[in-house]
Amino acid sequence: MKKIEAIIKPFKLDNVKEALNELGIKGMTLTEVKGYGRQKGHKEIYRGAEYIVDFIPKVKLELIVAADQVDKVVEIIRQAALTGKIGDGKIFVLPVEQVIRVRTGETGPEAI
Amino acid sequence: MKKIEAIIKPFKLDNVKEALNELGIKGMTLTEVKGYGRQKGHKEIYRGAEYIVDFIPKVKLELIVAADQVDKVVEIIRQAALTGKIGDGKIFVLPVEQVIRVRTGETGPEAI
Amino acid sequence: MKKIEAIIKPFKLDNVKEALNELGIKGMTLTEVKGYGRQKGHKEIYRGAEYIVDFIPKVKLELIVAADQVDKVVEIIRQAALTGKIGDGKIFVLPVEQVIRVRTGETGPEAI
Amino acid sequence: MISGADTAFILISAALVLLMTPGLALFYAGMVRGKNVLGTILQSFIMISVISIEWVYIGYSMAFGPDVAGFVGDLSFFALNGVTSAPSSEYATTIPQTVFMIYQCMFAIITPALITGAIAERMRFGPFLIFSLAWAIVVYNPVCHWVWGSGGWLGARGVLDFAGGLVVHLTSGMAALAAVIVLGPRKGLGRESFIPHSLPMTLLGTGLLWFGWFGFNGGSALAADGIAAGAFVATHLAGMAGMAMWTLVEWIHYKRPTTLGAASGAIAGLATVTPAAGFITPNAAIIIGLIAGFCCYTAVSFKNKIGFDDSLDVVGIHGVGGIIGTICLGIFASKAVNSGGADGLLAGNAAFLGTQIFGVAVVGAYAFIASIILLKITDIICRGLRVKEEDEILGLDQSSHSETAYNM
Amino acid sequence: MISGADTAFILISAALVLLMTPGLALFYAGMVRGKNVLGTILQSFIMISVISIEWVYIGYSMAFGPDVAGFVGDLSFFALNGVTSAPSSEYATTIPQTVFMIYQCMFAIITPALITGAIAERMRFGPFLIFSLAWAIVVYNPVCHWVWGSGGWLGARGVLDFAGGLVVHLTSGMAALAAVIVLGPRKGLGRESFIPHSLPMTLLGTGLLWFGWFGFNGGSALAADGIAAGAFVATHLAGMAGMAMWTLVEWIHYKRPTTLGAASGAIAGLATVTPAAGFITPNAAIIIGLIAGFCCYTAVSFKNKIGFDDSLDVVGIHGVGGIIGTICLGIFASKAVNSGGADGLLAGNAAFLGTQIFGVAVVGAYAFIASIILLKITDIICRGLRVKEEDEILGLDQSSHSETAYNM
Amino acid sequence: MISGADTAFILISAALVLLMTPGLALFYAGMVRGKNVLGTILQSFIMISVISIEWVYIGYSMAFGPDVAGFVGDLSFFALNGVTSAPSSEYATTIPQTVFMIYQCMFAIITPALITGAIAERMRFGPFLIFSLAWAIVVYNPVCHWVWGSGGWLGARGVLDFAGGLVVHLTSGMAALAAVIVLGPRKGLGRESFIPHSLPMTLLGTGLLWFGWFGFNGGSALAADGIAAGAFVATHLAGMAGMAMWTLVEWIHYKRPTTLGAASGAIAGLATVTPAAGFITPNAAIIIGLIAGFCCYTAVSFKNKIGFDDSLDVVGIHGVGGIIGTICLGIFASKAVNSGGADGLLAGNAAFLGTQIFGVAVVGAYAFIASIILLKITDIICRGLRVKEEDEILGLDQSSHSETAYNM
């Protein structure tokens, strides 16, 4: 099993969720995060003082998937999250050793 | 060392924390996340328009533990987080290569 | 490639960000988390009732870096986040199998 | 004869008292958890509808209609029949009766809204509506008549209540006590932290309440005169003294003055001076405020010790405040301040203190018993007063109203 | 001769009406998404500047200056020339003319602010300023003169509008309709959830609006008298009835009474009774409130069905409310209540109902057509009314104002 | 003789001015970081207690008691001795003296509350209480007497201040300047972003302040008359002009009109017109508002350049506003507007401008020097004015009050 972490633009979330849904992915976990990267931050103005805000709101999706699904899922996410503009985000794949479903105690791929 | 990520129902947090405490687990990190899974979302109503909100508030616990503790900790979390109803959450175990304590510079199991 | 997760004190964030910047690190992702550890929580008072709040606001930084950069980055973060007082936080290193940049589809170290 | 000045003053005062209900909604909502914010707000807001309708059709008549045996008004003012822009011959004779009616309506609204602090985070919306409507009819209207109605038996015995220590605060405090007993504590009491979700909201509510209270107490003079001025001053001074005292006691007790403490003390002072405002000197108002801050703090601390789940301290603040204030009036009242009032203990008239204690006992007992009974009946009719356990965990906003307070 | 009481009453009423603009800003801002909060607030606040300047220099004179052919006032009051603390000879003759002028100014401010609910989350700030200024001159001032100006042709034909059903609510509702058509829907309508970011903020706004409305309608009597009292009472009762009805319909329809529904119903009731407040009985006010709650609910539901993006329901609440209220006045008006008013259908005078319908038709058509034209012109002059797509995604706060509402 | 209308008007005005303190608390609290919200709110709220007590026992007497050598009132009104519902023979002779006393109390409360914007996010609570109490006695009361007290030496020299340009805004602005110098900047100034945590809260505060300002300036006529009307109008117009100007300058300067800029400009305009409100024409009020918007913007920008940590710009807005407004009065005052006022430069009386400048110099210098001294003394007595560095990092809410503003 693998863990896919995708950091994407917040307004693409619905898109990605639907795409994953179509693929039959049933579970994921979402976190509001702030990203720092090549995409420049923006300027804010408060009473004539300028502040550079360089952390940009992003959404992080975490999904555990079976190893053989990784490539497909990654590709789907990429397509659904794509705008082509800087700051579109990143997808990481990490190894997972075990998965347990709290409700049933199932482990491994069944538990996903 | 392993990283345990547990996604649980928010109102079970106190329970889980206490159970871990009893086990002697001294450190963990908590994130407010939103989960999407078999547990159905709910309907919200705003001026006669219905919206389906399918991301449900969950809490994610992250703990680094020594490899030999994993099974015990996972089991304790599972029991403490269990309601038996859908949406109870998942526990993932990931490999960790290194741990450093910022304050002392200790590394490895001592740093946990 | 490795994933570095650093849990630090929020007011040290700017410091850490600058230090990483100087090192040429261009990307990272930040999450507001709550930490539980040796650093004791604080007491809050509401109408004569005392509550112990034992989760303390922390910031979690996540960075994917090339394997050979890990030690340097970890050390830089440690120095920049250090106050020497309890609760300074932890740094974890996890293996990463793949990285994809959404915008370009690049993978591996180029995608970071 | 109608006075434009009095009319203007009481109309604006009525607007101020109306504002107290949203103010209260925010004051309370700030103290609940994030999942019960809207449920809490709505319980107050909806009282504007439920009680106003009730008031127009029967409430005003029950409270201020022609007296029946000292106990209640008859229903001859049904649907405001005969309530015109001519002044009443018995109440507020310098303003249109419509003005008096609507001003009093605002009091009737906020009283059951006060109770919602005790039932917060667990009562079902429907049963609450039924209970509050019944309560207005069975408790508020009669007590209002006893104390303020022409011919009302308590008023006739000399019991004084300037702006609602008995009629508003004690009745709602006793109903709160009843509700806490009948409903039982929130799930998780003692184990989980019921920390306020937004104290700035509570402080905003406090500010609006204080502002509105000038209409509540000042307007109760029913004229823009020296009595109104005295009541206004007493209100402000008791509020500030209550805030000072609570903060101070907390500072000594816990080494920390808190913002919620300041807000609580202010409301305690304002509530406590309510029955006395127009009958006392400024210095007496300060003393009452100080007593209020101390006693309400103690009452609330005591509650915490006995694990009694009066969620937002309606008993400890409004109940205790209503009692103390009414009794303090028995001590501090002075005809030199208001010739239409009475002399109290300090002016050598111990009998009046007795009268006030009698008023407290009667109103307190009646409101408590009637509330218990009404709650039990509502419980039976509605098959339960509390939301289901899983709905309580989920929060009222989602489970009862299909809404979420914040979506940032 | 100047009456101190009336002066005090109208000054305070003017302050209350001013407060409605921040109240409206919060009411609206609570309903938008977190990225458009400040943009929404500022659109209302800035009307205070734009319209007040306009009003002082030409607006007041166009609305209330010496009549030109029944259509508009001439500009002899330019820069408040001749507007002194002496009373006007034609309007509000018991208060300084400055008081009347500033009281009316507050109405002129909130009217275009109401429109912002329809254009929320997508209109550019600059073009909105230009449009609102032009709209005040082309729509608000003339319509105000027609209905309320001495010599105004609609007023002369017997059309009645106590506090702005036509002048305020219908004009802004029609402008909103025009804006929705011209601007088109927000990006993502139907796909994304446009869930309110903070309902407590909307409820706070509701409370402030209700409070302010007493000044809006009560003050429109321009004296602290029985008419003011009647308007005050009618306002409150329609508000509470609207809240009751909307909540009830929702409860039946969706099995859930919602907080936003309660707030919406209240505003619907308050808006709808505005033209009628000083001319009807309390019972009529309740009926009007109930009708308002039902019809506005229906209108808003209908909008949802046809995918018409009136973001915060200005058409469904203020437009529909203005129409219904003005027509209801044709039904319920009674000279027994206000001898300066009229008898309506129920008092046997069907003609008056016709007059009111005529008023609705004329004002509605004029406001709609003029708004469309002004929007189109603004569009051309400014090269676009809407923010760029990426700015809409980013949100107005950041893209138009370089600010963020919350940084917790 | 007592006028009901004036009594009603000043009572309501007093309530409006009281509301400004919670309004200010929110205005300020919105601008601080999330960890200092409650500390900031409490600093304002607690002034209601500290100053009201002081006012009742000595403040009112020092300010408005029988004159001693033009410098201060004697203490014969200690504990409101002799302050009854009969009018004063010297002040506000148409309302109960209690009304005048409580109205002035509200001014005394908000003045030190204004200072808290300068010390935000770093001053200890206890020392602030001590300082503010001492400051009220040493600065506010005497200056109030000099300017407004019967026999006060500045008033006797012809210095005019309608509603507190000198007494309220300049004194608090100078105290703020002193506090900024003595306290030093917040930790992290220049490195970290001190971004407002909730601008909607600041805008809500702005709305409440604007609303309350009608009581502040309008009520300062101490009667519901043409002067009150003029002051009310001037207040509104300067506020809207200040808002327009600040927004415009910012728009040109940074290509972005901001919401905080609009709020800041409004407060600048309102503060600046305060000394002049009852003595000038509407057109002069607009000019004053425009000047205020421009100058305060410039002052605040200048502060940013020199790294002077006046956290929430008390000096740049209230200090500068108080100076400009008082001097502008020297230019624009007109006896044609208010025969009880003066003619200014434009009416050919340059001497009056000189008098006003003299007033600014005297009050400014006195308030600044006295504030410095009081801060130094408080520093010594309390062993430090600032919270510990780690507590500053943690935030005042937790470290000083053991509370958290939000727990969503």
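As written, the chain order gives the labels A, B, C, D, E and F, with residue 1 at the start of each chain.
Keep in mind that, in the parts below, a contact is a pair of C-beta atoms (placed from the backbone, for glycine too) under 8 Å apart; a residue touches a chain by one contact, two chains touch by 3 or more.
All figures in this text were calculated on a predicted structure; none of them were measured in a lab.
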Subject >> Intersection of the contact lists for chain B and chain C >> reply: A, D
**OP:** Quick one: how many steps at least from chain C to chain E, stepping chain to touching chain?
**Re:** 2
Subject >> Same vs different contact residues, chain D with chain F, by half of numbers used >> reply: different
**OP:** Just give me the whole-number Å value for how far the CA centre of chain D lies from that of chain E.
**Re:** 34
Subject >> Distance between chain centroids, defined by C-alpha means - chain A, chain C (Å) >> reply: 18
Subject >> Distance from the mean Cα position of chain F to that of chain C, given in whole angstrom >> reply: 45
Original post:
For chain F, which residues are shared contacts with two or more other chains?
Top reply: 3-5, 8, 12, 195-196, 198, 204, 208, 254, 256, 258, 260, 401-404, 406
**OP:** Return the residues of chain B touching two or more other chains; collapse runs of consecutive numbers into ranges.
**Re:** 31, 44-46, 53, 94-95
Original post:
Graph of touching chains, which shape: line, ring, star, complete, other?
Top reply: other
Original post:
Hey, which chains are touching each other here?
Top reply: A-B, A-C, A-E, A-F, B-C, B-D, B-E, C-D, C-F, D-E, D-F, E-F
**OP:** Using the touch definition up top, name the residues of chain F that touch chain E in the complex.
**Re:** 3-6, 8-9, 12, 16, 33-34, 195-200, 203-204, 206-208, 210-211, 214-215, 218, 223-230, 232-233, 236-237, 239-241, 243-244, 247, 254, 256-260, 262-263, 266, 282-283, 286, 406
**OP:** Going by the contact rule at the top, pick out the chain A residues touching chain F in the complex.
**Re:** 44-51, 53
Subject >> Complex contacts: residues of chain F adjacent to chain A >> reply: 193, 195-196, 250, 253-254, 256, 258, 260-261, 264, 297, 300-301, 304, 313
Subject >> chain F contact footprint on chain E (complex, rising order) >> reply: 2-5, 7-8, 11-12, 14-15, 18-19, 21-23, 25-26, 29, 37-39, 41-42, 45-46, 48-50, 52-53, 56, 79-80, 84-86, 95-96, 98-99, 101-102, 105, 125, 198, 201, 204, 208, 397, 400-408
Original post:
How about chain C: which of its residues touch chain F in the complex?
Top reply: 11, 14, 42-46, 53
